[in-house]
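Same chain, two partners: chain A is paired with chain B first, then with chain C.
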Partner chain A sequence: MIKEKSRITQGQLMFLILQIQVGVGILSLPYRVQAVAKGGGWISTLIAGIVAQVLILILWAICRRYPSDTLFTFLPKIAGKFFGKLLGFGYIFHFLFIAGIILILFTDIVGKWILMDTPRWALLLLMIATGVYLAKESIRVIARLFVSVSFFIIVMVLLTMAGYTNVNFTYLFPITEAGWPNILKGSSEVLISLVGFEVLLVAYPYVEGNSAGKLKAASLANMLTTLFYAFEVFTCLIIFSPAEFPLISEPLMYMLRSFSIQIVERIDLFFLSIWVIIVATSFVGYLYLASTGLGYFFHRGEHKKAVYYAAFVCFILAMIPQDQKTVELMNQIATISAYTFAAGIPFILLVIAYFSRKRRMEER
Partner chain B sequence: MRRVILILVSMWIPLFLSGCWDQDLLREVRLGYGIGFDLTPEGKLFATLVVRDVPSGEQQKPIDDIFSATSRTPREARDKLDKKLSGRLRGYKYRVVLISEERAKQDIYPLLDVFYRDPKMPLNTRIAVVKGRAADVLFLRELGGTVPIAKGIDELIASEEELTSVPKINVRSICPVMLDPGEDFVLPYLMKKEERVEVIGTAMFHQHQMVGTLSPDESTVYLLLKGKKAELARFTRKVEVEGEREGESPSPYDFITIEVKKAKQEMNVLVNKQEKIKVQLNATWKVNVIEYPRDQLDEESNVAKLNKILSKDLTRLAKQTIQKMQKARCDGFGVGRQLIAFHPEVWKKKEKNWASEYQQVQFDTKVEVEITQKGIIN
Partner chain C sequence: MSFFRKLFQNNQQKTGQGNEIEVFPSLQKNIAYIQQWLFYTDDLKWRNIRFNGRDGVILYLESVADTKEIQAGVIKPIEQAKEGNITEIITAVDVKYERKLNAISQSLLQGSAVLLFDGIGEACLVQVVASYHRDVKEPDNEGVVRGAHGGFIENLSVNLFLVRNRLESQNLVVRYYQLGDATKTKVAVLYMQDLANPDLVKEVDHRLRSISIDTIISPGYIAELTENNPYSPFPQILFTERPDRTVAHLMEGRVAILAEGDPTALIVPVTLFAFYQTPDDFHSRWIVGSFIRVIRLASFLIAFQLPAFYIAVVSFHAEVLPANLIDTVKSSVERVPFPPILEALVMELTLELIREAGIRLPSRVGQTIGIVGGLVIGDAVVRTGLVSYPMVIVVSLTAISSFVVPSYEMSSAVRFLRFPLMAMAALFGFVGIVFGLLFIMIHLSKLESFGTAYLAPFIPLRIKDLKDTFVRLPIWFLNQRPHDPHPKRLNQERYSRGWEHDDQGEE
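Now for the complex of A and B:
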């Protein structure tokens, strides 16, 4: 059973998922969506939110069957001992890889926007040191911190509103210019930024209350993230003309660059500092997930010991790409990995679990 | 004990971390405040830079240091200018970019690319076109004997923005419009007059190039019709009420100064079956009379008469402005944008030679003026 001390409330679960979902992708999201879906980008975002909701339902349906098991303990129960372990390692690699990608994109953007001359390893060390410090704590401590920094998402929304001083709604039209197939394709671009709900697989048993409440918390988190993304995409779509979009790969930052208020001349730098916190929470989330897995396999469930070398692996991963091409490649691998481990495998697991229970019932 | 030592040590670490690589101390750099672009007779770029010098003494006022260089591109110009400067040149603080008319008639995007590309460059820099040479304006050094030139021009444009005689724009906000095929923009148009700088209207652009100018009144009408009214918008118009004296020079009694309080406008882009484009532009302005020596504004009939005369007069001015814009191919109202958004099939056909198609667009303009306030006397 889960110790009383490491339990979290449903509200905390919501913020946990929210903070892991909202992450490094937010800055370039409008650009990526617009490239495919044009003026219908905000619809793509909403569609992606619905898809993510379905995926959450699947994850929840699995977890509900094993209310006191985390991902790593119920995998062998569903898939058998060998495959269960294999899948467990698969998930650990997935978590580590996503954590690594977060670091790569983080250093990329910070290196491009503010700290041009700072070497990569310095940026990485700063982020990883913070990450390790938090990820070695219990899920309750992590969740509490996530709740308190969620306030920054509101600040981000407020800062984005500065953009509304100069907008042109006709940039949105014709909404279906790209056609519905492309709008759907655009939503796959968004979906990758919505991953993070996999945390449910590990966090589920730690949460107090009944399963319906947990589903509600997870869904609410997903809804908030989707709305936040849709708002940001929408804002960018009415600020940048369609011809300008292909030039600007971080539209949100770019938009804020041109505004100044009395005290802060460069709002974008202010925004970036907040964004760093948002990125750190996602990184911590994945680092925690990976080290929980490693802890389960190697340290009798103590994830604390695994955090250090898990972070080291992330560091190595983030040091690999030296050019844009490698980053792109790794990004693609991450996308595939996300689809496999957040959508594909859970679905298969659910089907297996469903049929095996049916068979058991029949045998009886 | 171990913990205490750890905390003490870690408290000192940040001291060694503060911006080791990216530090950029203000005392080691020189800040550019304004830059002007001219064209040399050989077709090269002639850039003039204003650098702010803040003397170390507290009481002394800052002085602008101004010098020029010839180059092929703006960035090369900056590097050449940097060579003439003690300390490294930084662009964080640019207040104005001035482009000479001659240069503006060529593609201006290359001049601004570095602003868009370099994350350290400011994007809220004001931009204007200068009649004559931009260098001449900048070499005035000071405006009115006290204000350093770059700051002075920045403030000058800002105050004109308040009067709705130039658009509220900066380097950043023209970018989406400049790149959009369906809309064009206008920039403030300056001129050096004696030892002062004056805003003499706006410069119209088509795509990336300057194509013509609008007078101050035309600019205000354009901005009002576009729905970009700022704090104030004033016109002084001649109203010849009955009993006008033929052949005499106009007396101040023949004029009225109005201030547009509320401007409402509606633009409809209609496309008929033959794919002819018609634009309906209707505006209603509620105005405040701020100067009218003839008085007698308490009589309904007088006010009604004035309303009628002003409506007619300003409708004529609006038509004249739009004609001028059409002739210059400046699609300032974004007719093309409306087509892209709401008539995409039509746009696809007209896209190729939109400039000439735009000139054939039929504008149906009407301005309705209504006097609602008249100050504290009749």
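Now for the complex of A and C:
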């Protein structure tokens, strides 16, 4: 059972999900969405938020059936011993892979914007050492820290507001310039940045209170993330003309770079520093998830021992890509992995759980 | 691994000395035994007496016992009465009987006079300890502008008096402990029965009882043996020499530990923010008090980040500075032949040297240090072009802000922390600082002090307690005690300004 000392409150669950969701994608998100959905990018973001909400509902519906089980303990109960374990390992690889991707994108952007000459491994070590230091703690300590660093999201919003001195709303119109199919396609770009709610699968039994409250917390987190993303996308859309967009892969950074307040010339560097914290929390989240799985399989539930080699795997993963092409490829894999493990498999699991229960009821 | 464990761990079991010898019937034998037990120390004195027709002897250590008290309270009554019941005759307050010779000899060390009679298997112990102590003065390291100026001294009973005097409540409980196998230091644990959480009291008791060591030198030894994480640079126990501060903490449901021979009260559990509060906050007006507290907390950030930030800006991100400022800074920095990190390290270490020298030297020589530090380091170093002007500003700012912290231990912790941060800044610029800060944040949110989160009420967040954390709101706002020590009773203030609404005007 879950010990009293490692329980978290519903508010902490909210920030946990929020911090894992908001992550590495935020800087390039407006660029990727605009490329597909043009001026309707902010609608894509909102649609993606709704899709994520549906997925959260699915995850919640599964978790609700096993209120004292984490992902790794209820999988065998649904899918049978063998497939349950297989899926468990599948999830571990998914978590490790996403953690690796976060590291890759992190080093890419930091290498591009501030530390051009710093070797990649040094940056990785920095991130991984910090990540390990936190991920080996109980979920309660992690959640506590995530609550306090959420303050920085507010700072990010405030810094973005600096952009509103120079906006042009006409850039938005016509809203459906790209057509609804493209807007929907744009939302699939956003969805990959919204993953992180899978943490619900593992965190669910640790949360105090009833299931409705937990759903509320998760939904609120998703809503805040979506609104935050939509705000950032919207701001970029009204600041940069459609012609500028293809040239700038991190619109938020370019936007902040052009502004200066009296004593600080480059706000973007501060923004990036805060962004590093946001990325670190996402990384810690996935590292924790992966090591909980490994801990369940190999260390009788002690995730602490698994953190070190899980982090090492992430390090190797992040060292693989040497050129932009491999990064793209790995990104593609991550997208597929995210769709499979955050959407596809949970849905199938829910269906199986539903029918097996029905059958059991009929047998009675 | 096991080799290291052997090297660093120390799990020796305590070995008892089971020889419990009772008092001999023969007086000479007893004296001989005690003399031998004390290795014929020269300050062991005795005087023969006669009482109830028996030969007797009064033994005492002249270095610990008060000879005047022995004369007036023990010898005189016995000489006058000649016979009767000892306890009724002796005028001293604390009299007890003891059969074990070891305990008798031990009580000699604690300032008892021992009465032994020929043929009686029991000794009479009369407490006649001499006490010499200095006056109750304001502690130099914790001065305040307003409010009480008394401070603890090196005498436990005076210290307990100072606390009791301020807190005349039946709920104030004192529990004595004896720590240190050789020093037998008397330690008192104080708490409020109706406020302090029983789990906390039990935990303090448990940790104090597990101390097994020859020497106890308070407060450092007790703190290091009982705190949660001895590997952390942050102090997890608040040291204070102020009785008023101790009382305030007791009334929040915390536990205070006082030791004989030391003017420091150890307060547990505490949070980081407790180190940034002073009694002065509550004696000045709340707006001013809040302002000063915000400045103090800002100084916490400045003290360990400013040098790192400066290094990062100068060596990585000079573009952060606006154009007109960049000229000023660069013109001075460019003349310096060293990298900024080296420049900063040398200056910061010099500052530490000056500070350390200033503490140890008598105050008359201390002035010389000030002149040497101010003139030579401040001016000459820049003129020769070894260090840039902005660097001197940065170093002096950090020094000043680190001294703003009301607690000396926290001040040292903060000053120590800037060195790793400076190294990170020199290696990775802003990213390094961010990771360094994140690391410290993680460390702080892991840290606990006797079951209380160290960053409470910030992590875990409890908005109600923020009223007395970053700012100090008016006292009538603080209806509840802080939640972090989990007090039994939360309410502490009830409508004290009710009079404001009473005066409705007369009909």
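By definition in this document, the second predicted complex is superposed on the first by the 364 of 364 C-alpha atoms of A that agree within 3 Å, B and C clash if a C-alpha of one lies under 4 Å from a C-alpha of the other, contacts with A are read in each partner's own complex, and residues count from 1 in each chain.
By our rule, contacts are C-beta pairs under 8 Å (C-beta built on N, C-alpha and C of every residue); 3 or more make two chains touch, one makes a residue touch a chain.
Small disclaimer: the values here were computed from a predicted structure and weren't measured.
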item	value
Partner chain in contact with A:Val276 - chain B first, chain C second, else both or neither	second
Partner chain in contact with A:Ala162 - chain B first, chain C second, else both or neither	neither
Contacts of A:Ile114 with chain B and chain C, given as first, second, both or neither	both
Touched partner set for A:Ile263, first chain B, second chain C, both or neither	second
First (chain B), second (chain C), both or neither touched by A:Val147	second
Which superposed partner A:Thr130 touches (first chain B, second chain C, both, neither)	second
Chain B and chain C footprints on chain A, overlapping residues	114-115, 118, 122, 260, 265-266
Contact footprint of chain B on chain A as seen in their complex	112-119, 122, 166, 168, 170-174, 177, 239-244, 247, 257-260, 265-266
In the complex, chain C residues that touch chain A	316-317, 319-323, 325, 427-435, 438-439, 441-443, 445-446, 453, 455, 458-461
Complex interface listing, chain B residues touching chain A	20-22, 116, 119, 122-124, 170-173, 175-177, 179-181, 183, 334, 337-338, 340-342, 344
Complex interface listing, chain A residues touching chain C	11-12, 110, 114-115, 118, 122-123, 126-127, 129-130, 133-134, 137, 141, 144-145, 147-149, 260, 262-266, 269-270, 272-274, 276-277, 280
